[in-house]
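Below are the structure tokens for one structure; questions will follow.
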Amino acid sequence: MPGRHFLQLPGPTNIPDRVLRAMDRPTIDHRGPEFADLSRAVLRGLQGVFRTQSNVIVYPGSASGGWEAALVNTLSPGDRVLMFDHGFFAAQWRRVAERMGLVVDEVACDWRRGIDPALVHDKLASDTSHQFKAVAVVHNETSTGVTNRIADVGRVIADTAHPALFLVDVVSSLASIEYRHDDWGVDVTVAGSQKGLMLPPGLCFNAVSAKALEASKAAGLPKSYWNWEDMLAFNRDGFFPYTPATNLLFGLQEALVMLENEGLPNVFDRHHRLAEAARSAVDAWGLEFYCERPADRSDTLTAVLVPDGHDANRFRSIVRDRLDMSLGGGLGKLKGRLFRIGHLGDFNELMLSGTLSGIEMGLSLAGVPHEKGGVAAALEYLIGSVP
Amino acid sequence: MPGRHFLQLPGPTNIPDRVLRAMDRPTIDHRGPEFADLSRAVLRGLQGVFRTQSNVIVYPGSASGGWEAALVNTLSPGDRVLMFDHGFFAAQWRRVAERMGLVVDEVACDWRRGIDPALVHDKLASDTSHQFKAVAVVHNETSTGVTNRIADVGRVIADTAHPALFLVDVVSSLASIEYRHDDWGVDVTVAGSQKGLMLPPGLCFNAVSAKALEASKAAGLPKSYWNWEDMLAFNRDGFFPYTPATNLLFGLQEALVMLENEGLPNVFDRHHRLAEAARSAVDAWGLEFYCERPADRSDTLTAVLVPDGHDANRFRSIVRDRLDMSLGGGLGKLKGRLFRIGHLGDFNELMLSGTLSGIEMGLSLAGVPHEKGGVAAALEYLIGSVP
Amino acid sequence: MPGRHFLQLPGPTNIPDRVLRAMDRPTIDHRGPEFADLSRAVLRGLQGVFRTQSNVIVYPGSASGGWEAALVNTLSPGDRVLMFDHGFFAAQWRRVAERMGLVVDEVACDWRRGIDPALVHDKLASDTSHQFKAVAVVHNETSTGVTNRIADVGRVIADTAHPALFLVDVVSSLASIEYRHDDWGVDVTVAGSQKGLMLPPGLCFNAVSAKALEASKAAGLPKSYWNWEDMLAFNRDGFFPYTPATNLLFGLQEALVMLENEGLPNVFDRHHRLAEAARSAVDAWGLEFYCERPADRSDTLTAVLVPDGHDANRFRSIVRDRLDMSLGGGLGKLKGRLFRIGHLGDFNELMLSGTLSGIEMGLSLAGVPHEKGGVAAALEYLIGSVP
Amino acid sequence: MPGRHFLQLPGPTNIPDRVLRAMDRPTIDHRGPEFADLSRAVLRGLQGVFRTQSNVIVYPGSASGGWEAALVNTLSPGDRVLMFDHGFFAAQWRRVAERMGLVVDEVACDWRRGIDPALVHDKLASDTSHQFKAVAVVHNETSTGVTNRIADVGRVIADTAHPALFLVDVVSSLASIEYRHDDWGVDVTVAGSQKGLMLPPGLCFNAVSAKALEASKAAGLPKSYWNWEDMLAFNRDGFFPYTPATNLLFGLQEALVMLENEGLPNVFDRHHRLAEAARSAVDAWGLEFYCERPADRSDTLTAVLVPDGHDANRFRSIVRDRLDMSLGGGLGKLKGRLFRIGHLGDFNELMLSGTLSGIEMGLSLAGVPHEKGGVAAALEYLIGSVP
């Protein structure tokens, strides 16, 4: 199809040409001095993005591997983990935990709103014998478009003085929505390369607090590939215990420069502004947000319900086949009920306008009942807010 | 600035990644067999795009060089050329002719509509002593957004049986708006790489009829770089008389494959559809088309007047600096009075929607009086016409 | 430094421009139809390269992850595995096995020659109670330059009718040295992307026999990321259970086309020819091969001992800093004692000549005693063997 | 064919990945502020490379166009030009001059040695009526491998106080062999992009002295595309009178950074060193240099005669088809008699070693009589000279 494809998934996201070009060069010796400079630059840059003074570990792997890494490095067989049924990816993480031999206490939640920090407080406060070795939460649920209040959750954990480790998935929020590993008391943060970091998929990350590192010494789950200890030992000199995904690291270095040049606060503002514009459009179309609590609506994606009797996936196929745009679909139990608009990463006002235009046209083409004027509403919002 | 720049000039246009990547490889020996295969493929493909059985000549150079080549190969010092004052680029071509030592009879025209074929008829019919050695017209005036009826002009030339050569500039129409070198009786067609061919600037073309080739044998203007005879002699074996712009030829080969895959009729339909949508937006904004005759409005660009008292270039700067989009400005006497929207090349519905959104926002930001609803009108049109 | 770096490690190898350019494009929706076509093409192509009718599984990850995957999918805690102390990477794999909770019976071997198949026979024949659940061997030891006779090992396993699974690492031999997963009776083959497949690091592979798949159903080691069952279920429709490393798959698709175009037998012949030339040079220099048994010398790399009293790493630094070439060093106990020449992947006669020239110059510059004439000997061999 | 092609023409040369990647991005608005920054950087950088305080003009075009530009901007129809029959490209330039309507006084020279400055002196001294309006010399004759002593020629012109303009072609010497436009009294220097500047072909250059610029005001040859006046007027603000070859300018910017980083004196030293090594090989092979005077042998290419009865082009075909290397052939009257080795641009010791190895093997494969040991001699030289 002619022209540029609009890749408006909530990840993988549009990769800047600069990043693609940075990866488009010969691999270098991963045991040589040039590589050591590269990895030091990258590891330092990642600390800035995760807002941590501790270590960030980079694996060749998908973000799912980052979940596994967070668990196997900190826990022992049979350990209890407090998790929340608040979305498809939260459920996937739970499944990883169970497969690794952990016992998950999953708290039922309303998928359509963020986890109530008070609920976390109650759960931990009532666990006087400290059965829970970890609490795991997804910051930004990519399946629902709900952002959880991690700072608040971190605070209640601190308030209860419960010793559980705090594990957070920021796969679809990092470098897009404010996040502070250190200040918010997180022990392990899990992320991937293909969203706010504007890279292809293939890298995953663990930011690791001192407390998590201490816990890793006693953790009994078998681990080798994901072993932090090896990583940290090699990273100290700028190397890796096994062959790293060098060309993705080239891209990461470039992406980190771009983020630093724009400035993280500006990156967050931009994502918020574009998200507000997208929400203006959804409101104008008279469609329903999957996330019911406005304050919890994500700045990186918007999940939109289609009216009963309509199939969101048929709508998505029409948008893809006739308008050359990829939108996210409903996952698991939400299949066919909603579509998800990714508005994160290397993204701007005109790309958003094109995206929303494609949705507005697609709704008509697919016969999904809606009011006109979504794009107009978004433009109105943007006119008032563009820097 | 984050996200993708919208390059909505009437050329250079957005270059497909496939074309950029095709150019991104080592230069090859321009005297070796691999090169001969490349140039044969390219020269054959160009014949299809120009709709000619005759030769198409490829120069390393800008389209202005193509104008010069058309003249120096066919004419002698002091020859009279019939030209029309119908736009900035027509005037530039006239200037080239004068600089080369030709005598130009320039007919005053209304820049806001296409040349009346009857006028050409009158001029030639009254030239009974055949003073005019050539008639030169721009198919699609990039400065005004007016498309001339070249088929009709060709017909009146034939009707008068005047021996003048027919020279046509298709710089901003080739591979975007229907054009037929052979059927329309054109002798030399001049084009460049950076518009409908979706390449960077750096190549120019002459398609050459048998009559033009015959004329070249007697043409007395000095010529070396642009000499057709050398070119054709070398091209016969797949080579060039001097070092060709090999990497641009790599890109051209890829672009020709893309055009062939889409099919020229589909390419033209797409450009027409997107142009109609753009015109719907302009209508809805209540702004004035520079081209007054609707049938003459170009399918590759739209020139839009800003109301008196407003500066089109201030508007363009705002669009560029705040919304990261490049629009064309008014050239020569039109400076500051209009802006030009490029909607050609590797372009689709969502890119157009983003473009028009940027204009609608920019009009507000710049305080240019307009009605809202341009984007909405374009979407309405597209919904009814998208394949 | 000006000019092209010579990356003559035994991997990562020189990546063809075609492969780099194939990766240099926007990521696509990993849940869309275009992706399904991509993954089906890649999975089918891999079957050809592994010479298997069974499944090949592709992970985002480093080859070390492939080792772990082979183990956790087939074995249970406390299972005994027969391994051989025949090189640095064999030892690394052993370490992975132990970390995952397996019991390794490691047979001491001479690192300077291939494992004697008779030794494998004896070990298995004497294990009448079938304690060994798996036998794990590295086909081509990247640390020593020794190639093991996997076909013969497979045959003795068959001869003993021992039920142990046969696990083989082909990280530095796949697509370079003949290998046949099915015919040689291998159950799990482990590979990575960055050697004969001519890609950057970041993908690892498991080829899985029906027997291994059957074993996986009862295997008790915890597994999630590496779980074959999920992979195979998703792969059936062209998808992956988690986000795949899409851009590396773009590159893999291109590399598989290149291998198919050249033809695997030609690829193997080429590697053999270039290896013979490299060995001619080493002989002429009067230096000692680390691999003492000529028939076991690898066609993808050559490990060369430096005379006592000389430091191979000093030599390598000089070659890197003054001649811009990366050579492999001695790993583990071999540190400083040898250097390793990679001659695999996208490689040809002139690249090899440049490589050997760099070594011959480097030996002089570093003051390593040697005879002149290595390059001359290699050229002599190549003259007689170039196709 | 597998592995990297060796492009050892005396241009186009091997393009660094950095330069290719710099060109591999969307074209920008050539009338916008980002472009003005680009062209200012490039024009400033070129002054450094030409060693001039005057203007350097950049055209989209091949170097042949640069010859034409130098002539049409400075001369009038019928003007006499002093030229020398010292090689194929000198003869091509003469042909351009004649075609443009100039009268050429061509002095017969020995192609196998540089022009004797005394000869230039005699010609000018005896032209007491100052018939010669220009003297044109090729600095480095790409067809013969002879470098002319331009500084000396400039001195004798100054000594004679003859008012003729001094025009010099540095197509295959710029940025490789020392050259000083200002200090050596050159009025117009002609160059192209595809040799020492490490770019694809497609740009040509004129460096223009104040005297040449003054002459251009009275020059009567017709000119439009090549007109300096327009160029300089537009360049003043960072723009061009017609669409520039933007993506080649991206590459040029990167190449200029690379040259500046290495430092021109180091660039010249490197070329000299590699040329000496190549000459050592030719000597050892017992083959004859086309350039008989050792001091005149070029540092960017070496032209080597094959013994009588042998066809240099058959040798070149064998090298190309069996060893994947492109060498230059004999041009014009030298066809089949010699081959030319390009050793310029982005080039280093190991690339040269591979190149010479390919020649040594090719000589054997083609049955061209020679002594062995050319590569060995080159390595010996390099060992003693590598920095």
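Details
As written, the chains take the letters A, B, C and D, and residue 1 is the first residue of each chain.
Keep this in mind: a residue touches a chain if its C-beta (ideal position, glycine included) is under 8 Å from a C-beta of that chain, and two chains touch if they have at least 3 such contacts.
Small disclaimer: the values here were computed from a predicted structure and weren't measured.
Chain centre most remote from that of chain A: D (centre = mean of CA atoms). Taking A-D and A-C together, the pair of chains sharing more C-beta contacts is A-C. Separation between the centroids of chain A and chain D, computed from CA atoms only, is 54 Å.
With each centre defined as the average position of its C-alpha atoms, the distance from chain A to chain B rounds to 46 Å. Computed centre separation for the pair chain A/chain C is 34 angstrom, with centres defined by C-alpha atoms.
Contact with two or more other chains is made by residues 14, 21, 24-26 of chain D. By the touch criterion given at the top, residues 17, 21, 24-26 of chain A touch chain D in their complex.
Within the complex formed with chain A, the residues of chain B that make contact are 1-4, 6, 14, 24, 258, 262, 267, 270, 322-325, 346-351, 353-355, 357-358, 360-361, 364-365, 372-373, 375-376, 379, 382-383, 386-387. Listed in rising order, the residues of chain D touching chain B in the complex are 5, 7, 9, 11-15, 20-21, 23-32, 59-65, 68, 77, 95-96, 99-101, 192, 194, 200-202, 221-225, 227, 241-248, 320, 326, 329.
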